[in-house]
Amino acid sequence: MTKALDTLLDSLLGELENIRVQRVTQRRIRVDVDADALPTLLELLQGRAGYIHLSAISCVDWVDELQFELVYHVWSYETRTLISAHTRIPREPGVYISIYDLYQPAAFFERDIHEMFGVYFEGSPNMEKFILTEWNGPPPMRKEFDSEQFVHQHFEFENYQPDWLRELEARGGGITKRPEDIR
Amino acid sequence: MTDIDYEDRGSILKPLRALGFLGRPAVTVPLKPRDASENYLGFHVNDWSLCVGCSTCQKVCDNAAISMVKIPELPEDPVKGLRNERPAIDYGRCCWCGLCVDICPTGSLALSREYVHHCREEELDSYFILPDPNGMHQETYPKGWAKTEDADLLDLQRQAMDELPCVQRVDTFTEIVEGYTPDQALIEASRCVQCGMCHDACPTHMQAPEYIRAIWEGDLEQAVREIYRTNPLARVCGRVCTHRCETACSIGRRGEPVAIRWLKRYAMDSLPDDRIREIVLELKPNYLSSRKIAIVGSGPAGLTAAFDLAKQGIDVTIYEAQQEAGGMMRYGIPEYRLPYDHLDADIAAISALGVNIIYNTRIGIDISMADLQHNHDAVVLAIGLQNGRSTRIPGSDHRQVVSAVELLRWQSAGQFLDIPQRAVVIGGGNVAMDAARTLARRQQQEYAQVNVTVCALEDLEHMLADPEEIDEAREEGVTILDSRGPCECVVDEYDKLVALKTYGVISVFDDEGRFAPRYNQDNAQFHDADLIIEAIGQMSDTNILGEELTERLEWYRGRLKVTPDGRTSEPWLWAAGDMVNGPDVVHAIADGHRVASSIDTCLVAEETPA
Amino acid sequence: MRPENYQAVNHPPSNEFELNFGPNHPGIEGNYAFKVKLNGDRVLEAKADAGYLHRGFEKLMEGRLWIQNIALVPRICVPDPAPMEICYSLAVEELGGLEVPERAQWIRVMQLEMSRLAAHLFTFGGHAATTGMYSTMFWGVADRDLILDRFEELTGGRVYSIFNLPGGVRRDIPEGYLSRLGDLLDYLDSRLTDYDDLFFRNQVFVKRARDLGVMSQEQALKWGVTGPNLRATGLPFDVRRDDPYLVYDQLDFDIPTEQAGDALARNLVRRAELQQSIRILRQIIAQLPHIKGPIRCPIPNPLAWQVPAGDSYARVESSKGELGYYVVSTGGEKPYRVHVRGPSSMHAVQVLENLAVGARLEDIAQIMFSLDACPPEVDR
Amino acid sequence: MSTLDKIPVREQPVTPGQSTKRSNPLAHVFDDLVAFCRAKSLFMLHYCTGCGAIELPPAMTSRYDMEQLGIQPMVTPRQADILLITGYVSIKTLKRIILTYEQMSSPKYVIGICSCTVNGGMYWQSYATAKVLKDYLPVDLYIAGCMPRPEAVIDGLKELIADIKTGRADNWKRYFQNYDYYLGNQQKLFGDDWQTPTDIIAEARCYQLLTDQTLGKHTALLEQHQQPLEALEMRLRNKEKQARD
């Protein structure tokens, strides 16, 4: 089985330029590919090797490189291997092509990535807000959004004044280090 | 595949089967809280007698639920590593994951099997609790989730330090301790929980957590920077410091403390000297003050004071009687513990800041205190304790009876030429061990055999020297006799020293605890000796001050009387180091800092017209 | 603004209605909602409305130490928390190159199967309740609680155990634990027939669940269905078998399948999986005493733990389907990115939206429970 | 505004908290009887707002069996007495909770279980959850734990029942008396144009709980944009639809 897979991967290497295939473990294969070549790759994988199950689409915000990394995890029920196809797109404007026509589950992940990272997928069936319908801040998963800071700006926390604390303060004790101080 | 036939229509009598359930026990439990399981994640309990307030639980808490609360009644002792702080937990945040329990260095924190707490809105303060052994509602429940051997999140084992085996070290003065490899240092540094106990315990308050962190992150230059913030003699301290920090380390509560001293040494050794000098030169000021300060003695105190003052752009001159700087660090500590090149590197870094050291200049002979006072705005007296005390037993004034400091000074200066076949050391402290082990090495080199006897007043348990010093000395062939009181240096008719006569010791201190040894005259021994070394303590050589100054200064029990920040009764004269508060490198360094800052403030005060 | 639930929509005269189904509705599993367009009581269109349980886990994880996240992950799927911890741990272990001791691996499998049992019993209860058969729910929940007792004994926590660390587990099993677990298994085994009588052979249930929410294998594959729902369409796929992790390759178990692909089939698959889980647990009880050794490989001081840079994707078969964790590290003390792929993120949204069309309003709840959708997995 | 305005209100000086004095000596006996009965049959709204809800089915079903206390789940807010906030409330949920709470008929009791309702719990960093529940609703009882065991929940409910018997659990009145405060916090979170269909002010008048804290700048803000609900227009028979079917 693995042999068949290797030959397949070789053929893929032949058909797509600058694609890097790397076998991580027996069942995990990492493929790095250019953004424009990815749909073709997925199409080939789906068509040739039965990688019909899209396990997930993960988005990573590489803010320093001004890039989003999109990782498509596809699984083949036949070869029983999981290929993670990595590709990078520029952070601005953060637009990419939907693969909904290849994999219907993509609809959810693309919608999710859109509202969490602000990446727009052209051709995705529904780019409306889903989880964050009542959130009108920036896409929260972007690295520049500091959740903790946001919380401290928008929420107050409970200010406990138990008796034992008051007594301690009367005796010159009291809170010396709050959790916020060490963060 | 399923084995059940869900087409089965059943029969009209089927419900009767349910009657069978009448026979089954009811699953309902009574309407009161059941006892929780043995390692239940319930409410916190904290054994205040074990807890040291290291706040590690606060660091690991993922919900920022733990605040440290100061409790004035509890003991606080930085030297012992005790803070009077205890964790208080916000049950509006806690998720009872028990990480605080698994990481607690002392094992004081635990979760009990208590789990029922509810309150009205106005009583919400009861959600912020200060765990003590009594449980949340002052009812003691059995412990639930508590520390276990296999579940400890901390590494209690210290990285072993490689040392030269006895056979290799006994006849040479090369350094015994080999120092950490990068991997060892990394692992050792990662053990630190950044509690800062070491920082509090250190006399000069070194930034130990910071530089250990830097080592862990692989940023050695940052580590060196952190070290130089408080200690200009880090190569020395990395080797011979008395490491109060490690006695205070919170990891040491249940395991071996983090090897803070060795980590400091690793940081200093792993950077090239010139790079370290560059880092030191970052501290060099870009301005020059008009002030001039003279420092007498280039020991740790003098050098530290000079370092601090030079950072202020002040023109500092150190007057050193010997031909090389370092004081006791050079002439008191044998080379196998502190190689000279490391000392030189430290001193070079300091003088790179513009500190000027004048060698072979003895105050009172080559230059008088009066001249110093005249030429400088202030003078710092850091002459240390250069003279050994004498036992004053009969014959102790014989030329073949020398003090340990003298002997060590000869050795360092290369003037220790005729090696005695048989030597006896009087004293049981580290200095005695240094002298004995130095002698042993020289004897090995000369005669390929060791004949050194140490006669200590105390018994083995109460001997002042570090245990490892005693063991290593024994390994190297030194005979160590405890509870022997010296009574006479026996001299033959040709006025040649033959032996030391000692009595057995009955008691060292009297009932009031004063030093008054009582001997058993019947138990007398003779230890043959060509040379007797007295290592029973040092005193400072205050003759250099001159009668007139000595008259003016205030004294207390033969020691110069100084304010806490080192001022003498003379407005221009400060005193620092061993001569003020006993022999210890790191204390001397702390002293140097104190004096320097005191001088700095005084000078500034003078500059700004009142 | 007014919450859109209260946006009164006036349609042109017709008998089409828009109905907000949930979040506060007994037929909804968890805190979840649908905007349903009805004609009479036929569903013309259903749109999932999630986010009621959104806490921004993936963001929170980026702000916490590797080990602190252990307390966070089980919350992602409340009814079935153990797979969350273990999947996260697996991902981190792959990154850090940690070798989990064998004993720890067996203990983990034990948790996974206990958790699966509990979750399935819970799901029956839910489904039964939607058909008005509350006694099944009472039974299922009560029996699940017995499993929780074993969890409590093992991990100290009833629901959220927080028992697995990257590198192993936090405690060894208590004295005599396995025998008590064995007794529990015998009891559950004896209960299965009761459940058949009460529920699986109950015509009220059978007649309602059959041909409800039918999904062909092609559709299932197209929609990314996994877990029991996929197996109910005849495809014997199970991550435990096809992408083995921990020690599942040393265990002997079947992968039950059904052909019909309707709500009934899905429940029957779960019913059969109960037996398989019990079977696996019995093997563990037999094996575990012979497997000695530590329960955790040495891990660095958690406060200074830097996981080597890289990324890893770990998969676990949870009671609901394929659970995936994609973890990215830049060599820091905190994860750079954690992406959670919950099985319900397919089932509760796309699949449910598709299956609901044409069903009757009262059946939506049934379909949802038969898919065993877990809203917190969707929201995260 | 809503029809509640039509309800005749007795013109009497209303002091917050205590009810107006009655002439009938049996009235208090009657009140005690009411309180007793009320405490004996409580309906708990069936709404799983957060993870704590997972411990409610065990508490309600055979093993721990809340019904021994006369507590039963209830599916509609209108008939429910207890609103159980089970753990963290995301802002989206909090809106629904407030809507639900306002629909519940007084007297009503709110129980906040888990850490999250008190001080944000383990989601204190989260941008999506509300941190301190009592800023938005008056809470009668808090039950500690993450999540609390069924026994703890039941133990808490016992206390609530006791408080209801003694009439101490009357925080629901505070919502009317200090509506401006609660509304202010809600507006801070949901935006100034936040409004709910229930007319709290009119209800406060009706319950004679209108105090000077009931109205304020926040309620003034509310008045500006509050419109009454229009009923949906429904027709059951419809020619062209039938023709299509």
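The first chain written gets the first letter, and so on, giving A, B, C and D; residue counts start at 1 in each chain.
Heads up, the rule we're going with is that contacts are C-beta pairs under 8 Å (C-beta built on N, C-alpha and C of every residue); 3 or more make two chains touch, one makes a residue touch a chain.
No experiment lies behind these values; they were computed from the predicted model shown.
Here A-B and A-C were compared by C-beta pairs in contact; the pair with more is A-C. Centroid distances built from C-alpha atoms place B farthest away from chain A. Rounded to whole angstrom units, the spacing between the C-alpha centres of chain A and chain B is 49. Here the CA centre of chain A is 21 Å from the CA centre of chain C. With centres taken as mean Cα positions, chain D sits 32 Å from chain C. Averaging C-alpha coordinates per chain places the centre of chain A 39 Å away from that of chain D. Among the residues of chain D, those touching two or more other chains are numbered 62-63, 92, 95, 118-120, 122, 124-128, 146, 149, 190. Contact of a single residue of chain A with at least two other chains is seen at positions 132-134, 140, 145, 147-148, 158.
Shown for chain B are the residues that touch two or more other chains, namely 27, 59, 62-64, 90, 92, 95-96, 124, 127.
If you draw each protein chain as a dot and join the dots that touch, every dot ends up joined to every other dot. Residue ranges of chain B in contact with chain A, taken from their complex: 55, 58-59, 61, 64-73, 85, 88, 90, 92, 124-130.
The touching residues of chain C, counted against chain D in their complex, run 1-3, 5-6, 8-11, 13-17, 23-26, 30-31, 39, 51-56, 59-60, 63, 71-72, 75, 78-79, 122, 125, 137-139, 141-142, 144-145, 148, 158-160, 376, 379. Note for the complex: chain D touches chain A at residues 91-92, 95, 118-120, 124-128, 130-132, 135, 189-190.
Of all residues in chain A, those touching chain B in their complex are 158, 160-165, 168, 171-180, 182-183. Contacts from chain B toward chain C in the complex involve residues 1-2, 4-6, 8-10, 14, 17, 27, 36-41, 56, 59-60, 62-63, 95-99, 102-103, 111, 144-145, 148, 150-151, 153-155, 189-194, 213, 216.
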